[in-house]
């Protein structure tokens, strides 16, 4: 690895999303993990002493001996990837952004603010224009960008090509979400052995609002909301990783399942054109078997960075339906943040 | 138990549904299991030797020493409860009905035939009028009645009071179905550990057609189809018993969630009025907690004979949404058949 | 229910074990739940407002409107069933016992003290003689008795008849324990989906020491330890209720598997002779199928109050081996405490 | 890939073990999959049409268009990796070996025959001397070698260094085995949701006999059995991949846990010395955390080719105990076969 990679910090480094950031940044061609930040309980310790590593492979060698910094540390990094708990994210992210750092956040806190971009690079890269507005509004040297909630991320990635090709009128989605989305310890096993929980706090609201921001425009310094309606039913199921979503949709113009499949298959966008390191070759991958996608078999498609779609067929109520599956802690969280940072770099938007 | 209870047979007695019939008929006030029928592999053996009992409590004493009859046996029972595999059900059920037996079937084979009632006693008891048509058409001394597929059973039980109160226009349902619905061995564990399968063969079609028959009328000797549209997404999840369903609905007239809840709460029908032994006191039970119903906590409500509803709330797309949960092998299968037979008895429709 | 049943309190009433106590005491012929005690968070509230009821059936009507008392309350009950967290149990149980209450505890705190009986009524009812010693030593008007850890409870219940018939030399046990043993929230689902955790804190030590106390004697005012050796491997597996244990054993004298089975089958003890209300008809139930006992099928044997044994066969290393299964929150916790209290009552040992 | 890699066949190519062979042989430096053999149902079809690929990543491009051969085909390959069902393996493997092919079999059929090597390269590479005896006895141009059952494989890999360092007297093992060991469809999900099955047909017998052969010698043309005793309890648990085993052991001479750990840590053998492509750098990997190894976190250690050991501690009964974890379809099946073939190649034992 070259020594002149861009130094980055991981905020909330000991948590589930923090660990994914570290895992995915291992051997990254552009970024180098230089600083790890966590709560007081961990601060001052070696990262390997402060952290129970919960991802399959070993903790990357490069971070084992790094000393964990506390929330109030002055960071030297150019980018700060944030997997902070929402209770503390607001203040910390704000301070770092004010001080000149590009905060790339997976936390919900700032997502819906009127000058904060909520970005999926394949969907609304043009929303990055809000950074300027944000810096002007707030007098910051740095800035905050965010990625969306994990379940709406994959939904929107599949809606975007349909919106462009046919327009969107109505979307009804029922999710079956993996437990890793709730972190560790997260969901008790007594709720997940021989059970389904038909409720995830605030999740339906997040899906219904974040989708509208991402699929809407940024015009004259303001976000406007997309003009379709979305309804979400969110459920927790006994799956480790990978959210499955059943989607019914009313398009703005007629389209057969074959048309929709062709639209998914041909969908390419800015990350693919720019060749961003974490970009999937195909943002939406179509499976043709009756019983796919499945979390077990499909969540690692395109290294977890794609949405996998199957069972595209007519819906007697809304016209069209399909199933989608996406990795919730890779494309749905840490991987989304990294792709956003790659886009910032490629567009020359990182602080000097 | 009195000796003059009505003798009944269980067809497919060694299978999952057959075992549930036997379990639920234990100590039944009106019916006595008199004959057990299964395939050649089991015929001629004692039931306890032929059967691996897979339900929690012990095999009922009364059936342990009964000799299993084969498919071609001439039965002496008044009622034959059928949990036969669909490959063989057609011919056997037809022969028994022709010979004067009341066949009460859980199998799909005859469900959609134009003179066969598909009954939920709370929903369409008037469809029993088709028995006469059936006997006239076919020259049978007995007859066949059927109950529906397990996932549409609970949906329709919740739709009926809404149809009566407000009318139905559109229904969109996503199911998360338990593995017991597929029998034994059924779904391989490799498909159900850390996984969801977004497909169950023919299930969506069954839901979309059977609901229309049950919620339609029987007029002038013919069934007419209900005039709303229904779309189903069916999924298999790692749950033993209890189907969870996320329902969005467009009603025929305005109704608030409170109106809908009141309609569910006050719903009573013929089985409750007649005091049928297996009838739930409340066919639809409403839960008010955010995260209910859940299979683990709610599937045994009203001895597994009720549909449990929760999270009644507005749906931005169709107007109203809720979650329902029902036991798939009790109210969804064997219990449904027994309630049907109780209705036949109470209405004086069983063969003399 | 007669009004003159003995009033009892449940300590830690909102927790998992507390809820089981309440469920099992519903309609008890001798005891009436009169007081519910929980931490400050719940104290002062109605029980139904303070508690998320996690057991299948509904919260018993009789406790719904009771006001939860705090830890410092002066109780009026004769018996206090304790499912307190171990951090607080020591002081509270001591105070209540001093004040004249019979504390029947499921908590580990006092179990190994030299004048506190650790009781399984079928195994060591004679240890109740230690109550006098305890009251003399401590100047208490009441007393504390305890039941053992859930995994050693079932093991000892099966070892006792073997000890009596053949003597015990060596016992090696590997457990596969249900998650309900860890309470709620307890074990995170990320540890239990597609996984086994080969460690439960302090569990192996508890098994290795508690068995020795229970299978030893109480002579001249002191417990002496049983003179065999025991080794335990404890594992957590994705099961809700029911601990499975693989046992290899070296007996003191020769015994065939048939001898051992006959010994299990004929085992009856004081609770059976006294006809205690919660006593299982058979404390050890033998299954003869190759693949039993299993948690799903056997945990509710004898209303969860029996240990179920199967696969009794020769062990090439220690001579004999078998599998046992027992319900961990019924016979392994709350049910054990209730049976202990019934024994105290039957022996005339409850405070006047 | 060079064109002069050795052509190999996979027998039972569409099954679970067959698919693992194909996956692990993808990009192998020495071997090239040249022929795929399966039952009549698949023969004649393109492999991609005949096979539902059940491993995470996609079916390797190189095999997609290969035509599946039937069981009677005359093979051109030098090595035939066999994952055949045991009902058919005997005859087919015999015919191929007679015709000059090196059959490297994962099937149990020939394992215990007196002139068939049952090999773990780190353990008993000297048993390959039996090939000559086998060829002389049977007049074969080729030969059969086998690998062991998946659960005994990992046990023996950990016993070998202890046997060498301290001698073995007694071993008592309780397994918690993954469902992938039973193939597809294999274990029904109704047996694995909220359940453990304390029985796997013939598994305990296989462990108790195969270990003795592998840890014994091959002297004067005959295998002699190792002189320790082994007792196995085998259980199926709800885990996809990775067998966990709790082991208690009596060594031939005194050893502390630290001695045993040091022995595990320093264990290296022929595959490591020869640098075989599939050899793990460390055949036995030691974890030092309290609660490790776990299937989820440790099964892929050394690409699934190592046994992972933890919790080495004193056993009150046999002296020493530990937990081990190993991937059952990689090192426990297909990976074992490939390592055996690599050893044959490195020792110059493959047919010319």
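The first chain written gets the first letter, and so on, giving A, B, C and D; residue counts start at 1 in each chain.
Convention: contacts are C-beta pairs under 8 Å (C-beta built on N, C-alpha and C of every residue); 3 or more make two chains touch, one makes a residue touch a chain.
Predicted, not measured: the structure shown is a model, and the values here were computed from it.
Asker: In terms of CA centroid distance, which chain is the most far removed from subunit B?
Answerer: Centre of mass proxy via C-alpha means gives D as farthest from subunit B.
Asker: Could you work out how far the Cα centre of subunit A sits from that of subunit C, in whole Å?
Answerer: Roughly 48 Å, centre to centre.
Asker: On a C-alpha centroid basis, what's the spacing between subunit C and subunit D, in Å?
Answerer: A distance of 43 Å separates the two centres.
Asker: Cα centroid separation between subunit B and subunit C, in whole Å?
Answerer: A distance of 40 Å separates the two centres.
Asker: Can you tell me which residues of subunit C touch two or more of the remaining chains?
Answerer: 54, 191, 193-194, 238-240, 296
Asker: Using the definition of touching given at the top, classify the network of chains in this structure as line, ring, star, complete or other.
Answerer: Topology of touching chains reads as complete, every chain touching all others.
Asker: What residues of subunit C sit close enough to touch subunit D in their complex?
Answerer: On the subunit C side, the touching residues are 170-172, 174, 176, 191, 194-199, 201, 208, 229-231, 233, 235, 237-240, 244, 246, 248, 290-296, 310-311, 315-318, 321, 323, 325.
Asker: Under the stated contact criterion, what part of subunit A meets subunit D in this complex?
Answerer: 54, 56-57, 193-194, 240, 296-297, 300
Asker: Which residues of subunit C touch subunit A in the complex?
Answerer: For this pair, the touching residues of subunit C are 54, 179-180, 184-194, 238-240.
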